[in-house]
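To keep things simple, chains are lettered A, B, C and D as they appear, and every chain counts its residues starting from 1.
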Amino acid sequence: MFDAQSINLSLEILAVAILVTAFLIVSSRSLLFYVRLFSVQSFLLGLVAVVVATGFGEFHILVAAVLTIGVKAIAIPYVLNKIIDRIKVHKEIEFNLNITTSLLVCGLLVILADSVGKPIIDAQVMHALPVSKVLPESIAMMMIGLFIMLARKQAVSQIVGLLTLENGLFLSGLSITYGMPLIVEIGIFFDILVAALILGVFVFRINETFDTVSVDTLRRLKD
Amino acid sequence: MSTLYFSLLLGLPLLSGILCAFLKRRTLLEAITLFSTALTFVGALLLSAAVLRGTSLITPKGWFFLDALSAYIMLIVTGSAFVVSVYSIGYLRRQIVNRKVDAKMLRLYYMLLNIFLFTMLLVLISNNLGFLWIGSESTTLATAFLVAYYERESSIEAAWKYVIICSVGIGLALFGIILTYFSALHVVSSQSTALNWTSLIAVANQLNPDILKLAFVFALVGFGTKAGLAPMHTWKPDAYGEAPAPISALMAAGLVNVALYSLLRFYILVNKAVAVGFAPTLFVIFGLLSMVIAVPFILVQRDFKRLLAYSSVEHVGIIVFAFGLGTPLAYFGALLHILNNALAKLVLFLTLGNVRLAYDSKIMRRVSGAIKVIPVSATLLIVGVFAITGWPPFGVFVSEFTIVTAGFAAGNIFPSLVFIGVVATIFVGFIYYATQMVFGEPHRRIDEGDGDAFSLILIGALVAILFLLGIAIPSFLSNFIRQAVAIVQG
Amino acid sequence: MSEFVYTAVVSILQLLVVLLLAPLATGIIRKTKARLQNRRGASVVQPYYDLTKLFKKEVVLPSTASWIFRFTPYIVFGSTLAIALLVPTIATPVPFHWIGDIITVIYLFAVGRFFVALAGLDTGTAFGGLGSSREMSLASIIEPAMMLAVFTVAVTAGSTDLSIIVSRLSFTPVSIIHPSHLLAFVGLFIVTIAETGRIPVDNPATHLELTMIHEAMILEYSGRYLACIEWASQMKLFVFMALIANMFMPLGIATSFSFVALAIGLGAFIVKVSILAILVALVESSNAKLRLFRVPELLMVAFVLSLLALILYFIIGS
Amino acid sequence: MLDLPSLQFMAFHLLVGGYVLAILIAPLRDRKPFSRTNTSEGNTSQQSFLFVRYFGFGAALLASLSGLFLSMSVLTTGSALHLDLQQTLPFGSLSINVDPLAAFFLGVISLLGAVVSVYSFGYSGEYAGRKNLSLLVVLYNLFLLSMSIVVIAGNAVLFLIVWELMSLTTFFLINYEHEQRASRKAAILYIVMTHIGTAFLIVMFLLLAGTAHSFDFQSFRNSSAQLPSSIKTLIFFCALIGFGIKSGVVPFHIWLPEAHPAAPSNVSALMSGVMIKTGIYGMVRVYFDFLAPGPAWWGIVVLAVAVASAVLGVLYALMEHDLKRLLAFHSIENIGIILMGVGAAMIFMSYGNMPLATVALIAGLYHVLNHAMFKGLLFLGAGSVVSATHTRNIEELGGLVKKLPWTSAFFLIGALAISALPPLNGFVSEWLTFQALLLGFNISDLSVRVAIPIAVALLALTGALAAACFVKAFGITFLGLPRSSHAEHAHEPPRSMLVPMGVLAFACILLGVFPGSMISILTPVTTFLLGGSASALEVLNLGSLTIPQSGAGGVSPLTLVIFLVALTVLPLVLGLLLGGKLQKRAAMVWACGLEKVEPRMQYTATGFSKPIRMIFSNIFHATHEIEISEAASPFFKQQLRYELETESVFEKYFYEPMRSGVVAAAKFIRRIQTGHLQSYLLYMFIALILLLMFAR
């Protein structure tokens, strides 16, 4: 087996790479590119799972790795691409925040995530417990995912934002706890797949009903 | 044995749901759903009785379990589901007559209703927090198409918002679960039980308080979203407003309590692990915020289903506030309020469903003189309005009064004053709109009749229970609640 | 035995004095006014002739009126006469003083007014209603003003019982000289003018629709009914003067039950009332009738003066 | 066997049982309780109406009579009834406690309840076939039941439950004729106001329970000494507002003139006669029983509220020409008069002068009873008028004295009583109030010495204005010529409606002429609250009342009546002596040169109150509008329309701005529900970030 330090190092590298893909999503305008980035992100996440599984001998995580790559890096991007083809919207034109500001905000979010996650990591380290240090990265991922949902107006980008948020979750789940019990993992994957499918269906319906997928038009229900 | 019980309990609605997907006959769909909800309710009753007798109900591997707290909520949920399924029959039949619903939609409805019940039960009997999460997320997924049921523009919009907001929320909750798991990994001996609530609570005081605080924050936002705590409540008026009346009723009387239950599990855990005051303070703040935020929307409102949705936000706030007070009396009040609120919400949603069918509108301005058009429903409605707004002699008064009493006794004078003020103000909105709808003369001739006798009798029974709870709490119930309080106390 | 004699003699005297001397006081006022206006005027006993004549005349009832109209003269007469039993005139304490105090007196006046006002409305004419409306409106200020003025004196004496007030004040005449009493006196005098319908508030001598108040209400009364009402209003004026006289100048009033004391009391009383009657006549002659809606201002003056008197008394103390 | 406690016990159960029986049985006989319209279908339905009426109101009569018995037994024997009910709610055991104070109010409620129940036999005939009669019966009984229990509850939770039940039933009673918009609005206003009041009461009880650690009244009593004075003050204001709203004191009175006219007249009589007194009961209970003695300024505050209520109540009443609204405004006035006594008693109590406090409290409580009698009578009279003429607008009435001789005679007695004219009951209690206030000069405190004369002055003003108002109310309604065909074709109501009015009129006379016996019944109440100084008020021979402290100022209504009667006969005798037998001749009055007197020539109610409107123009801010349409020449007017509006200061400057302010604020805050998904996510996001910062 590998020594813990090098495993942790590789985990951290992967985590940063995942974070970079999130930033790239924020800086992009093309819907297809979002999806591609998301696919890459999920693939990296799958690698994280592989590293954890092999590195710590938690082989059931391999199943999670396969699921991650299969569902998130391949199946969901495929569905999303189909949707984008069907609704014929490829570019995000308007933003709630422009790209520069968005990137700046995301930077701040990383700092916040760090300040939240760091003390916990430090506390664990102090107690000489084995821990990976990617907790701040995963918190940051979640926040950026949420931020994407806030800043973007296309329904598809919202889905991507949600999925990014969930990737952040998985990153933390894999890296700090080395995965949950298998049956739980499978259940969670199933749920997320169904959620993505349902959202995809709704995107179709929105497109049918409103002739657009900008969530700006979804403002009928208010007080 | 408990494995058998639980698989029966879960299997019944799940199988009926799957069965419904393949059936076409209306009566068959109705019968299966009625059968499954009724049996589930009976099952919940039996299991509750077992729990009350002190029988330990936990599956060998510890995935599933039932204690007084979850049994209590389960009783409310399954009871609500039974009432809703009875009501749904008449409601949907009338909608078929009105050509609002076709055979395919009917199948979808009954299938999802059963699945919805299944997912809620899954949450309630999960000992493993992972399953709890899966169940929670599944409730959203099961109801997504029910919210979008009529496929109007507004219902699709509502469903979209509902799914997105709840998914984000529940995602955050998952992070809370992961953090909890993380904190327990090194304390609990076996990794496979580190997610089990029973083992977590046993070692709660050894868990890292900082991580648990963080976990609680995420769980609060996450399950708070599902429960409709402000400021994560925003999906509620849309979803409640667009879903068919019985589904709104089941969401308000069942789903909300399931989410609260999940949140409560974390609350208990954190209270044990973290120095006093952290979680209670947050509960009091969020509870009050939810109550206060509902006020303007109830005072000025045009849509009665949205009105009820905001009332649901208010009452979730009340319950959370009460738990936040942190005394046994407050817990008692809160748990009692869960029951009372569920009963009153059922009454209101279902009677207003009848109003909706009769007037073909949920805009309150268009509804008047309901007492002349649908006298029984209108009578039950006005009684329900007084019940939900905390008037004696109805149960809500007792629970709300218990809560403020506990608030004063706990020294939380100012929050309790806000509580009283909010409850009084919300009544103003309710009675204004209720009087407008129920009394007077109808604006136009209405030929549509009232709901069917069975559902009206059932709603009447709910009102009767509310009344009885307002004058006396039967001893088995107070025992039940006391056992649940003991669990909340940790 | 002497208790009974005292009670009987003084009470009957009281009643007789008020009943018989009231027209005389009115006569004196009219005579003085006539003289002041350089007229000879009718004799001071003319009111007696008027009353006896009216008693003999036939009554013309308005066909619209009900039993209220027919009962009112008797009620007014009776309630005013009942007051005569309570207000000390020539002797104090009056034997039946325990029946009612000053509050009772004021409310007995209100009874009479209430019924007269109803009678005015009962006729169904415009004038009747007009009179009732004005009478009741003005009374709503007059009555409290009067009450306050009287209360000022009452708290000085430490009782609301008129006889006790008068007795106590007659024993300690110095206590009357109090700033608040002066205010109260002025207030009560204005009240008397207004309550008995004299100039500048009302003019009992004309029937001009623009100005009349009391007369408008009783416009439809005739014959014996009119006699009762007229006599009652004369007694009312008289009682008011007795009230002022004995509360602010209790000098000479009989405090013991003997022939001499009663005689002195009677004499002193007649003098006092005559002076007051002349004073009223002077005021009537030297003022013009006020416009109706200026009247409340005058009454407000009385009200405020009386209130001040009471507050002043409460604050300064005795 | 039949000792006193068991008799009382039976009376209590009969009281509750009677009402409950009616509530349970009445709807059963209504064959179609939920039918759309209760059209009378021949005999069976007529019979069921009769059954519902007789049984429903008969049970109420029985129950209220046993309530009266219970009350009297406590007041005369002095042995209180205490019952612990089974503990069913998590707040300790609920209890019933009929102490003298409770007994007095129970007596008042039951007395009027009994009389009105008889009236209701006849009155409810009005609704037969038109409205759901069994609903009326149920609500009516529930109303009486809750009201009775409100005053005898010995526990705050039970009190709150029945208090709210009372509000609830009155809401439905006001809303009974819900087809009318005015009724619905009145009902909403009422229930909103009273609910806000209850919120204050809940706070009050919770504050009391905070030290007492129990909701039992007994424990409040025992622990009040430990309350810090700031909390006591808070409790004082909570009670003032909470109970004040229910009793309709200014400035919380706005619901009253809307609600009382909207309810059926028998219910209005109860609402005005006794329901608003439950507020008085509450204040007396809290101020004299729980918190006694408080500082003197509490008394002054109560006095100020009282004075404002009395004066403004009567002034607004004068501007009304809706008979029932007019009476409703007079309820505000009379509540003010009652509170004057209560306030004065509080002042005296704070100075430890219990004899004076006793006089003042007796004045207040006596007026409670008296007002119940005459206001009940007046509302019943108004109900008869309304059911005979179908209008409440007195501008359309007139001349009813000939059509409804009995009703008008009873109404006149009520009018005399409420105007405090001797020898009726209103006079006695107002006399006592005057005396009580004047006794204030025994207190050396300056603020008291300024407050008392002003209160006296304004009480005097109130009395005089009330008389003016009732000259208008009686004169325009009953005297003169009928102003509309409604009034012309009116008929006397059935005997079942006349007898109750007669009973109340008789009670007004009785309570006016024999105050002594009533005061001896009140003595246990004051002894209970203020200690054993019963000698403050002496009752001498012939029912004369004397107050030793006020230098033996006294009144003897009985003797006064004898003299009044004797002296009223005197002019008859004089007339006979001077002029012989009375010669009478009827003739048409002078019609200003026209052919005959027309009803339209009469003074109107609006005209009648014009001088007062001008005198108090600062308060009314009246605006009028005259519209004249001319036919051919300016000398012949075709039509003249006169519209008058008086401003209600509180609505305009307080309630309306508050309402619109709240609505505007609500509309502003409602914008947070933007409809934008992103903003919703933003809320979550911000909440999460704030929480993360909090959690660190």
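Note that a contact is a pair of C-beta atoms (placed from the backbone, for glycine too) under 8 Å apart; a residue touches a chain by one contact, two chains touch by 3 or more.
Quick caveat: nothing in here was measured; it's all calculated off a predicted structure.
Chains touching both subunit C and subunit D: none.
Summed over C-beta pairs in contact, the chain pair with the top total is C-D. Subunit A and subunit D have Cα centroids separated by 69 Å. Mean C-alpha positions place subunit A and subunit B at a centre distance of 31 Å.
For the pair subunit B and subunit C, the distance between C-alpha centroids works out to 78 Å. Rounded to a whole number, the gap between the C-alpha centres of subunit B and subunit D is 44 angstrom. Among all residues of subunit D, those that touch two or more other chains are 670, 673, 677, 681, 684, 688, 692, 695. Across the assembly, subunit A contributes 116, 119, 146, 149, 158, 215, 218, 220-221, 223 as residues in contact with two or more other chains. In subunit B, 160-161, 164, 168, 172, 214, 237, 297, 300 are the positions where the chain touches two or more neighbouring chains simultaneously. Interface note: chains touch in the pairs A-B, A-D, B-D, C-D. Interface of subunit A with subunit D (complex): residues 96, 112, 115-116, 119, 143, 146-147, 149-151, 153, 158, 215-216, 218-223. In the complex of the two chains, the subunit A residues touching subunit B come out as 116, 119-120, 123-124, 129, 139, 142, 146, 149, 155, 158, 162, 165-166, 168-169, 172-173, 176-177, 180-181, 183-185, 187-188, 190-191, 194-195, 198-199, 202, 205-206, 209-210, 215, 218, 220-221, 223. Residues 128, 130-131, 133-134, 137-138, 140-141, 144-145, 148, 151, 153-154, 156-161, 163-164, 167-168, 171-172, 174-175, 178-179, 181-182, 185-186, 191-192, 195, 208, 210-211, 214, 237-238, 241-242, 297, 300-301, 306 of subunit B are the ones touching subunit A in the complex.
The touching residues of subunit B, when paired with subunit D in their complex, are 160-161, 164-165, 168-169, 172, 213-214, 216-218, 220-221, 225, 231-232, 234-235, 237, 278, 282, 293, 295-297, 299-300, 329, 332-333, 371-372, 375-376, 379, 386, 391-393, 397-398, 401-402, 404-405, 408-409, 416-417, 420-421, 423-424, 427-428, 431-432, 435-436, 439-441, 470-473, 478. Note for the complex: subunit D touches subunit B at residues 34-37, 86, 88-91, 157, 160-162, 164-165, 168, 175, 178-179, 181, 184, 187-188, 191-192, 195-196, 198-199, 202-203, 206-207, 209-210, 662-663, 665-670, 672-673, 677, 680-681, 683-684, 686-688, 691-692, 694-695.
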